[in-house]
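Next, two complexes with subunit A in common: one pairs it with subunit B, the other with subunit C.
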Partner chain A sequence: MAESRTPLLDELEKGPWPSFVTDMKKLAQRKPAVQDALGQLEMSYRDKKGHWKHGGIVGVRGYGGGVIGRYSDVGDVFPNVAEFHTMRVNQPSGWFYTTEKLRQLCDIWEAYGSGLTNFHGSTGDIILLGTVTQNLQPAFDALSEAGFDLGGSGSDLRTPSACVGPARCEWACIDTLDICHDLTNTFQDELHRPMWPYKFKLKIAGCPNDCVAAVARADLSVIGTWRDSIRIDREAVREYADGGLDVERAVVNRCPTGALSWNAEKKELGLKAEECNRCMHCINMMPKALCPGVERGATLLIGGKATILQTAFLSWVIVPFMKLEPPYEELKDLLRRIWEWWDENAKTRERVGELIYRKGMREFLRAVGLPPAPQMVFRPRANPYYFWWPEELEGNGHKEQG
Partner chain B sequence: MSRTDIGPPYFKDMLPPVIKENYGRWKYHEILRPGVLRHVAESGAEIYSVRVGSARLMTVDRVREICDLADKYCDGYLRFTSRHNIEFLVSDKNKVEPLLRELKEKGWPVGGTGNSISNMIHTQGWIHCHTPATDGSGIVKAVMDDLYEYFVDMKLPAKLRIALACCLNMCGAVHCSDIAMVGIHRKPPVIEHDIVSKQCEIPTLIASCPTAAIRPNPKLKSVEVNEERCMYCGNCYTMCPGMKIADPENDGVAIFVGGKVSNARTPPMFSRLAIPYLPNNPPRWPEVTAAVRKLVEVWARNARQGERYGEWIERIGWERFFELAEIPFTDKHIDDFTFAIPTFRTAATFKW
Partner chain C sequence: MAEAASEELKARVLEYLAKVDKAKSHDIAQALKEKKSLVDAAVRELAREDRVEFLYIGTSYVKLKGK
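And now, the complex of A and B:
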C-alpha cells in the first residue's frame, strides 16, 4: 500500500465525531482542488502555520462584496488551490432548507467550485469554499438562477441572521424569520455594496435566551421580549411538581428578582409580575406551564462586537421595548438614522459601539432621537462630570459668553 | 446578465407543512432523549426534531448524504442550528426511530440538547483563513471526539457552550462562551519593509494598532514597532501582509471560561482568561483537549444543578476556581488593557 500523503491529517479520521478529513478524502478522488487543499492543510499541520495569502480583490458584476479572495503561498506545490476564493451565499432565515434547494447548491458548487462548504459561516451565510477567479461569475449566475444571492463582506451590512423563531419555538416574541428576511431584502444595497466605515452586523433573537448570540455578536441586537406578565398554567405547574421537578429549588429560588413564590402544600406558583425582569429562567424550566406574555415586541441593543480593536462589547440597551410588526418601519427608520450618524462620525474601521464609546451615549441618543431611560443602564454614573445641552441652561450657557 | 439583489430564498418555501400550519402557534416542547425534541402546537400537531452534530466543514457529498436522509425521513425538510448542528425535521412520528437507527449505523452523533455540550462554534483555521494562529476544524474534531460522551448525553449540570476562534479577530465571536479556545501569537510582528512600502496603506496600518505601538518609518516608507507596547493581536497583519505575525514556535491556544449570552438568571457575561497558553500540537492538540476536558469536569463535579459555568465561578469566586481547576494564576490573568480597572478587587472579602 502506498504511503499516505497526509499522515498527520489521517489521525483526524479516528474518533466518533464526524471527520472532515475522511469526507474530504473521498471528494479528493474526483476533485483535484480538494486533493491539493488536503495537501496544503497537511503542510500547515507540519509547519504549524497557515499557507494562505492576503486576498486580492475579486468579485462578481454588480457587487462590492460577497466574495473573499484567497491565494495559496505554496501555489507552485499545490496548483489546484493557487486560487481558492470563497463565496458567501445568503442563507434562508432560520437556516431552513428543502433538500431540493440544498441539492441545487451542491450541484452548482460541484460544477464551479471545489465542492467544499461550511454550513454555516460564523455570521450565518452558506460558505462555498474554494474556486478560481474565472469561475466566480458563472457560479454566481448559476446561484442567481437557482434563487440564491450573495451575503455581505467588507465594510457593509453583514448578512443578518435569526433564531428558529415562530417556525418552531413557543418562546418567539417576534417573528424573527420574517424580520430577518424583510430587513435583508430592504437593505440589499447596504448588504452588497460596502460603503461604510466598517462592518455592521444585525441579529434577531426571539426571546432573552438569545440563541443567535445577538447580544455578543451583532452591532444591532434585536431581542424579543414582552411587557405584560408571564402566563401561568397552574394545572401544568402541578404536573411538573408531581412529575418530580423540585419547583422551589430549581425554579423559585433561582428567580433573580424574587418575583416567584411557591406554596408547597397547594403546589401553587405565585408571581409578582411587576418584579419579573423577563430573564426566561422559569419559562425554560417549565415550558409546558409558563410562557411569555401577550404584549410582545423587542428590546433593541447596540454595539456588540468581539475584541478587536479596543475591547469586546456586549450590546447596550437603546430601546427598551419596540413593537415589531410588518413592515417594521420604526426599526428600519432607526437603523437608517444609526447608519447615517455612524457613517458621518466614525473613523475607518470603527464599529458603531466604539464610536458610541468615543463620542458618548448622550450624543448618540440625541443624534438618532432616542429618549434616555433607566432601562438603558445597570446603574447611573458615579462621577459629577456630565454635560449640559445649551438649551438646558439659562442664557444659553457658555456659548453666549464666548 | 443574471439578476442581482434578489435576496435569500424565501424561508416560508423551506418549511415543512406542519410548521407552516402551526407557525407562531407552538405551545410547548420537550426533550424526549438527547438530541430528540418534540414540539407541540396549540392545534395538537407535533413535530420531532433530531439534532445531529456536523463538522461544519463538509463536502457536497456529505451534504447530499444529509439530503438523502431528509428525503427518506423528513419529506425533504431540514434545518441547521446557530451552532452548526443539523436538525432533521420529522413530521411523521413513526419515522423518528428508523431515522435514529440509520443515523447510528452511519455514525452520525445525535445529541446537543439540554444539559449537554452542543456543537462547537468555530472559525476556518488553516483550511481557509489568512491570519490564523491555530487551526479550526482539527482542534474541533479532537475536542469533540474527546467530549463526545457529553454531546450524546445530558449529564452535565447545565448547558455548556464551547467555541473556538483561530485568532484574536474572533470571527467565531467566542468571547461569551462557557469555554472558549482562542489562537494567540506571543511575539511582535517581523516587518518586511519591501512589502509594507509596496502593498500597504501606512496610515491605516498605524491606526490598526490598539496600543499605538506602530509608528511611521519615513526613510523606508514603512513602519516600525515599539515592541514593548505590542500585545501580538495581529490586527496589523490583517491590514498589511508585510507585518508577519505568525510564528510556529510561539503561536498557540489560550482558553477562556465563564461566558454566556442568555439572559436566564444572570445577564450575559464575557468569558475570562483561564489558561494563557497551550502549544499548537497538531494533529490532535493533546494539551488542549486534556485542558478542556479538565475544565468541563471540574465544573461538572462542583457546580449546582442548572448553574452555567460563569455562574458557578461567580458564586464560588475566581480564586477558588483557580484552585479547584489546578490552574496557576499569573500576571497574564490580571488585565492591563483598556477596561481593566473594574476587574480589580476593591473589597477585603475573598477566600483562601
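And now, the complex of A and C:
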C-alpha cells in the first residue's frame, strides 16, 4: 500500500466523529486547491508552524470588508493555494435558510472557489474558504444575484448576529431577528467600508441565557429582559415537586440573589421580584412553571471580548432597560453616539471596551449622554464603576475615589 | 440617508492620498483639518466610485485605487 502523504491529518479521521479531513480528501479529488490545502496543513502540523499570511488589498468593487486576503508562504510547494482568499457572507438573521438557498451558495462556491465552506464563522457569517483574486468579483456578483451580500471584516462593523429568538424560543423577550435584520440594513456603510480604529461587534440575544455569547464577545450586547416579575404557574411548580424535582435544593438555593423562597409544606414558590437579577436559572430549571415577565425590552452592555491592547473583558451594563420596538431609533442613536466617541478617541486597534477602561466609564457616559445607574458595576457583585463628577457632589468633603 | 459628500472635499482627499502610501480616515481628517464624519462620507463615495480601496494590515487603511 502506498504511504499516506498526510499521516498526521489521517489521525484526525479516527474515532467516531465526522472529520473535516475526510471531507477535504473527498473534495480534493476534483479540486487541486483542496489537495494543496491538505498538503500545507500536514506541513503545518509537522513543523508546528502556520503557513498562511493574511491581509493586503483584496476586495470587490466599492467594498472594504467581507474578503480576507490569504496567501501561502510556501506557495512554491503548494501553488494551488498561493492565493486562498476567504469570503465572508452575511448570514440571514438567526441562521435560517431554505435548502434551495443553501444549494445556490454551494453551487456558487463550487464554481468560483474551492468548494470548502464553514457554517458559520465565530462572528456568525457564512465562511467561503479559498479562492483566487480574479474570482472574487465574479463570485460576489453571483452571490448578489442570489440575494446575498458580504459581511464585515477589518476595522468596520462586523456582521450583526442574533439568536433564533421568537422563531423557535419561548424565552425571547425581544424580536432578535427583526432587530438584527433592521440594524444590518441601517448600517450598511459601517459594515462595508472600514473607517474605524478597529472592529465593532454587535450581537443580540433574546434573553439572558445569551445563546450567542454576546456578553463575552460583542462590543455591544443587546440582551432581552423584562422589567416586571417572573410569572409563576403555581400548579406547575407543584407538579415539578411531585415529579421528584428538589425545588429547594436545585432551584431556590441556587438563586444567586436569594430572591426565591420555598414553602415545602404547601409546595409554594415565593419570589421577591426586586431581588431577581434575571440570571434565568429558575426558568431554565422549571420551564413549564416559570417564564419571563410581560414588560419586555433589552439590557445593553458594552465592551466584551479578548482584546489586543488590554486584557479580556466581559461586558458592562450601560442601559439597564430599553424598550425595543421598530424602527429602534433609540438604539440606533445610541450606537451612533458610541461610535462617534470611540472613533474620535481610540488608538489604532483599540476596541471600545479598552477605551472605556483607559478613559473611565464616567467620561464615556458623559460623552454619549447616558445617566449613571447602579447596575454599572466594574466586576459583578464587587464595586461600582461610576464615580460622580466632583461638581455633582453636594456640599460634602468626599474625595473622589479611583 | 447620509448627505452627499462635497466634490471639493473628495478632491482634497484624493490629493492627500496621492502623497501617502496609505492612511486611516482619522489621519486624513487631521491632515485636512476636517471633521472625521465628513471625511468618512467622502471616502465612502470615493470607494463606491472605485477611486479608493481599502488595505488591511492589522487594521484597515484607505489608499488610492491601484497606487
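A few notes on this one:
Everything below uses one rule, namely that the second predicted complex is superposed on the first by the 374 of 402 C-alpha atoms of A that agree within 3 Å, B and C clash if a C-alpha of one lies under 4 Å from a C-alpha of the other, contacts with A are read in each partner's own complex, and residues count from 1 in each chain.
Just so we're on the same page, a residue touches a chain if its C-beta (ideal position, glycine included) is under 8 Å from a C-beta of that chain, and two chains touch if they have at least 3 such contacts.
Computed from a predicted model, the values in this text were never measured in an experiment.
In the superposed model, A:V34 makes contact with subunit B only, not with subunit C.
When both complexes are overlaid on chain A, the residue A:G154 reaches subunit C alone and has no touch with subunit B. By the touch criterion defined above, A:E248 reaches neither subunit B nor subunit C. When both complexes are overlaid on chain A, the residue A:M195 reaches subunit C alone and has no touch with subunit B. With both structures placed on the common chain, the touch criterion links A:P92 to subunit B but leaves subunit C unconnected. Contact with neither subunit B nor subunit C is seen for A:E363 once the two complexes are overlaid on the shared chain.
When both complexes are overlaid on chain A, the residue A:T348 reaches subunit B and subunit C alike. When both complexes are overlaid on chain A, the residue A:G62 reaches subunit B and subunit C alike. Applying the stated touch rule to the two superposed structures, the overlap between the subunit B and subunit C interfaces on subunit A comprises residues 54-55, 61-63, 189, 348-349. The part of subunit A that touches subunit C in the complex is made up of residues 54-57, 59, 61-65, 68-69, 153-156, 189, 193-198, 340, 343-344, 348-349. Residues of subunit C that touch subunit A in their complex: 2, 24-26, 36-37, 40, 43-44, 47-48, 50, 53-60, 62-63. Those residues of subunit B that touch subunit A in the shared complex are 1-11, 13-15, 19, 23-24, 26-30, 39, 47, 49, 53-64, 66-67, 70-71, 76-82, 84, 86, 89, 107-109, 121, 123-132, 135, 137-138, 141-142, 144-146, 148, 151, 165, 168-176, 204, 207-208, 210, 233, 235, 241, 246-249, 251, 259, 261-266, 268, 270, 280, 282-284, 305-306, 337-339. The touching residues of subunit A, counted against subunit B in their complex, run 8-9, 11-12, 14-21, 23-24, 26-27, 34, 37, 41, 44-45, 47-55, 61-63, 70, 84, 86, 90-103, 105-107, 109-110, 115-120, 122, 124, 129-130, 140-141, 144-145, 147-149, 161, 163-164, 166-170, 172, 175, 177, 181, 184-185, 188-189, 192, 208-217, 223, 250, 254-256, 278-281, 284-285, 287-288, 291, 306-312, 314, 347-349.
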